[in-house]
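I've put the structures underneath this note.
Both complexes shown next keep chain A, but they swap its partner, so chain B is in the first and chain C is in the second.
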Partner chain A sequence: MPETAITTVSDAELRWQLMIRRIIHLLLPIVVMVPFLCEIDMPGKPSPLVKQIYYDLEALEPGSVVLFSLDFDPGSQAELAPMTVAALRQCFKNDLHPIVMTHWFSGLGLHKRLLEETAEEFAPDKKSGRDYVLLGFRPGGQSVILSMGDSITGAFDKDYYGKITEGMDALKDVDSLRDIDYALVLSAGGTIDGMWIPYGSDRYGFPIGAGCTAVMAPDLYPFEQSKQITGIIGGLRGAADYEVLVGAPDDATSAMAAQSFAHLYIIGLVIVANIEEFVRKRSKKRE
Partner chain B sequence: MPEAPLERASSTRQIVEIVAAVVLLTIFLGASAWRQSDGLSSGTLAGTAEALGIIIAAGLTLIMYSFLYRDNPFFKAVENLYVGVGLGYGAVMTWHQALKPEVVEPIILAPSFGALGSALIVRGVPILLGFMLLTRISRKYSWPSRYSYAIMIGWYAGMGIPITIHTFILEQVNAAINPLFAPGASPLATFLSINTQIIVLVGTVSVLYYFFFSLEHKGAGKVVSRVGIIFLMVSFGASYGYTVMARISLLIGRVDFLLYDWLQRPRP
Partner chain C sequence: MWYKRYLPLVLVFLIGLLGFLTQYIPHWGSEEVVSYMARSLLIIVAFAMFIGAYSLLHMHLTRIRRQQAGWAYSLLVFVGATVMIAAGLYNEGTGPMPPLAPRGINTWLYDHVQVPCSATMFSILAFFIASAAYRTFRAKNLNALLLLIAAVIVMFGQVTISERFVNWGLYVANLFPPLHDFIVDGLGVTDTIFRKLAHFVMAAPNMAAKRGIMLGIALGAISQSLRILFGIERSYMGGGD
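For the complex of A and B:
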């Protein structure tokens, strides 16, 4: 089929198409770079879905335990790392105890860095084991969640650094998932609707907020409507909203102008391509 | 797939491309040496390693984007490097995070016979089932793996079916059936709520009807089916928009890295 298409297109036309394709690709990074180089600022208004997660965390008493399931790896770092840092900052600011775990072992090094750097930069007095815990990874997916439903220290007998979790100050009021005050699942695929909602919050009854890549966000709206999740931080836009809410604009906020410019560029391309297609079809009809 | 005639490089074009590659490499190395000079000449192992890491990451990023011009050996090499690094990292992490703490330490490195006994009681059967899965590598002796699969499928079906019905059907149906009039709500909120509920109702019914193939879609049914298509198209449009946003975000992440980490521009 494509070969037939190629044979019907003249060499000059094919050359022109290849050239156009390369120009489009070359222009995109330029369009993205311009706002960075010109330092254009385009702060947005946080959406209600993002605000809901922020207010849920704000409503927790100091000392409450917030479970972070960071189910992403460096491939999704651009979207999910900023919202992780913003939510961790909020936890440290409000004296909440973040417990960090993952179902994606490929991101473990990144999660460790995010947690340690945020703690060091934003709350240097916070100590691992006392104010926060990095549980790390356990194989098993849904089984790990069910096991945590029985006992968190049973599912993770040691933390990431090899310390025994039983008796840790940050976990002293937490036996199982039923004792978790809030869970924030920041995921690049599958673990929110595939694991944490059905096997976690629906079963053990703790509130859950979802942070996800933009690709996943439309699939999660039905769960927000059914109140199975309290809110959604969707993609870089959601991360920027969260940074604004926390009062610490950072990477995601500074990227919003670039995102808007790129969207305008794509919208322009879609319009031009549609007009071109419309004109081409019309001229064919005339022929 | 064979390249299109215009993609096949002529010898002149090859020379131009090689010269361009050499020039770009020189610019890249020059920019790296200039902007990362502090790290490279820091005198500490950590500083030098970090600077080298940034230069390598920047180089690999730019090589990956060279595919947008056309497929090339550098891109192929980096693509394979990515797969290899991913596999190697996965193997090491699986050892450290799963096999070593779950199998080796409690069984092989058990501190006492008592600890070994209790570890075998708890972990013996799962470990055995895990090893039985490895028999899949032989066609003749793969039958033990069926027992492992049977247990896995039985477990997941037993756990998953009621959970799936609850989470994905009952909860969603419950959320779709809401009263039109909320007691105590303002007129505007009631008006918006009624509109939302009607849209949800029309959308749900028409999309479900569109996927109902037992009846031919004609007459009034065709209209309902068409409405279903419109709802589906809106949904696909939203998904496409979000996908564009996600992909642009990844590009922004790399541009951010190149500008602020590699080229060391001061952050605003």
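For the complex of A and C:
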């Protein structure tokens, strides 16, 4: 079978395909870079799914505790870091207490930087331990969540900086996950539907908002319909929507034009490919 | 040795049954059992990380010894692991026990090597997607055509330029007021029409398919769990059956 496949594609055709691929690869960075170089702004209207999470956080009383599970690493920071920063800004603005943790060890340094930079830039008066907590990482996945359901300070006896969590001001009204007012899980894989919903919110009864990469968003729609998550911030577009809602357009909003051009480029490629297919079929018929 | 054969089966059955029952018994004793099991699991997982690291390094060491194709990359694994572990243990002179120093070689390596390398690996996907879209999204039959249409709707609806396109279209249509009124009032077209269409594709056909797949997976997981609990599936013990 493979021999037959090889013989049906001529050398000339292989060379042609290779050249086309190179042209496609060469044009892509140009298409993405042009909007950045020309500083084209293209903000959009936020979607209802993103708005829902924003309004959930807006509805919380000052002093409420919001758990951030940042389950991503630098590979997906382009999509997930902007939504993290936007949500943290909203928390600091509304005097909410973010508690930040992760199931992805490889992203811990990034999460620390995002939290510290956002706190320093938008809320210099906020202090670690008093207004926010960086719990860090514990191995174990769902067993960490179950353990937090028993006691958060039991699961994380020390925060990222090595300070004892028991008695911290930000955690004074929080014993377990039952006392969490809202959880925002920003994930690049599996932890929303595989861990936080079955072992967290379904068991201990706290609302969850989900942020994810664009390719993950289709997987989460069933959970939004069943109200197991309150909303979805999907990919870079979701992050841009959130920035618009928070009133602080930043990295995601400025990348909207580049994403638009890249999508148009791919749609253009699909159209060209189908024209080529049509012409090829027609010429074969004639032969 | 009967205990080698039957003791694991009995343990799996009992622990599995316990885990199953605690899900359905809302009692403080049941909660205690769950939290005890969760704490025990944390300890086991911590040991599993060492086993994972050993397994990874052992695999790459074997590759280097046998000089398999690409063995130089395996050497890089050792170099990377050694440098990062050494930097972590050194921890700017404070040793491995205190928290990681906020600035230093470990943080520098993370920020300037791991972050850009990891981001670059993910970015390469864009090139694959572009060339794959060109090669595969071809309307060769009805199913392929439907997939293609759905993909184009979602791709276009997801980006903000779709709103600009509709606004430009409505601006042009406004040159002929009856046409504009028909589009806006009659058809109900707004600038977010493609966003709504994309949402419909995600929330209706996509969700129906996802639910089917999820139910199938759940049923499969239940049947597999029952097979393990009742000792029918024994591959976790090693050996064929």
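The rule we apply is simple: the second predicted complex is superposed on the first by the 274 of 287 C-alpha atoms of A that agree within 3 Å, B and C clash if a C-alpha of one lies under 4 Å from a C-alpha of the other, contacts with A are read in each partner's own complex, and residues count from 1 in each chain.
FYI, a residue touches a chain if its C-beta (ideal position, glycine included) is under 8 Å from a C-beta of that chain, and two chains touch if they have at least 3 such contacts.
Bear in mind that the values here come from a model prediction, so they are computed numbers and not experimental data.
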item: Contacts of A:Glu277 with chain B and chain C, given as first, second, both or neither; value: second
item: Contacts of A:Leu70 with chain B and chain C, given as first, second, both or neither; value: neither
item: First (chain B), second (chain C), both or neither touched by A:Arg237; value: both
item: Chain B versus chain C as contact partner of A:Ala214, first or second or both or neither; value: both
item: First (chain B), second (chain C), both or neither touched by A:Leu110; value: second
item: Touching partner for A:Ile20 - first (chain B), second (chain C), both, neither; value: second
item: Which superposed partner A:Gly149 touches (first chain B, second chain C, both, neither); value: second
item: First (chain B), second (chain C), both or neither touched by A:Ser47; value: second
item: First, second, both or neither for A:Arg138, with chain B first and chain C second; value: both
item: Intersection of chain A interface sets (partners chain B, chain C); value: 25, 28, 32, 76-78, 106, 138-139, 146, 214, 217-218, 222, 225, 235, 237, 259, 262-263, 266
item: Complex interface listing, chain A residues touching chain B; value: 6, 11, 14-15, 18, 22, 25-26, 28-29, 32-33, 36-37, 39, 41, 76-79, 105-106, 108, 136-139, 142, 146, 158, 197-199, 202-203, 213-215, 217-218, 222, 225-228, 234-237, 251, 254-255, 258-259, 262-263, 266
item: Chain A-touching residues of chain C, taken from the complex the two chains share; value: 31, 34-35, 37-39, 41-42, 45-46, 48-49, 98-99, 107, 110-111, 114-116, 118-119, 121-123, 126-127, 129-131, 133-135, 137-140, 148, 151-152, 155-156, 158-164, 191-192, 195, 199, 202-203, 206-207, 210-211, 214
item: Touch list for chain A against partner chain C, complex; value: 17, 20-21, 24-25, 28, 32, 42-45, 47, 73-78, 106, 109-110, 113, 138-141, 143-144, 146-147, 149-150, 155, 160-162, 214, 217-219, 221-222, 225, 235, 237, 240, 256-257, 259-267, 269-270, 272-274, 277
item: Residue ranges of chain B in contact with chain A within the complex; value: 4-7, 65, 68-69, 86, 89-90, 93-94, 97-98, 101-102, 156, 159-160, 163-164, 166-168, 171-172, 174-175, 235, 238-239, 242-246, 248-256, 259, 265, 267-268
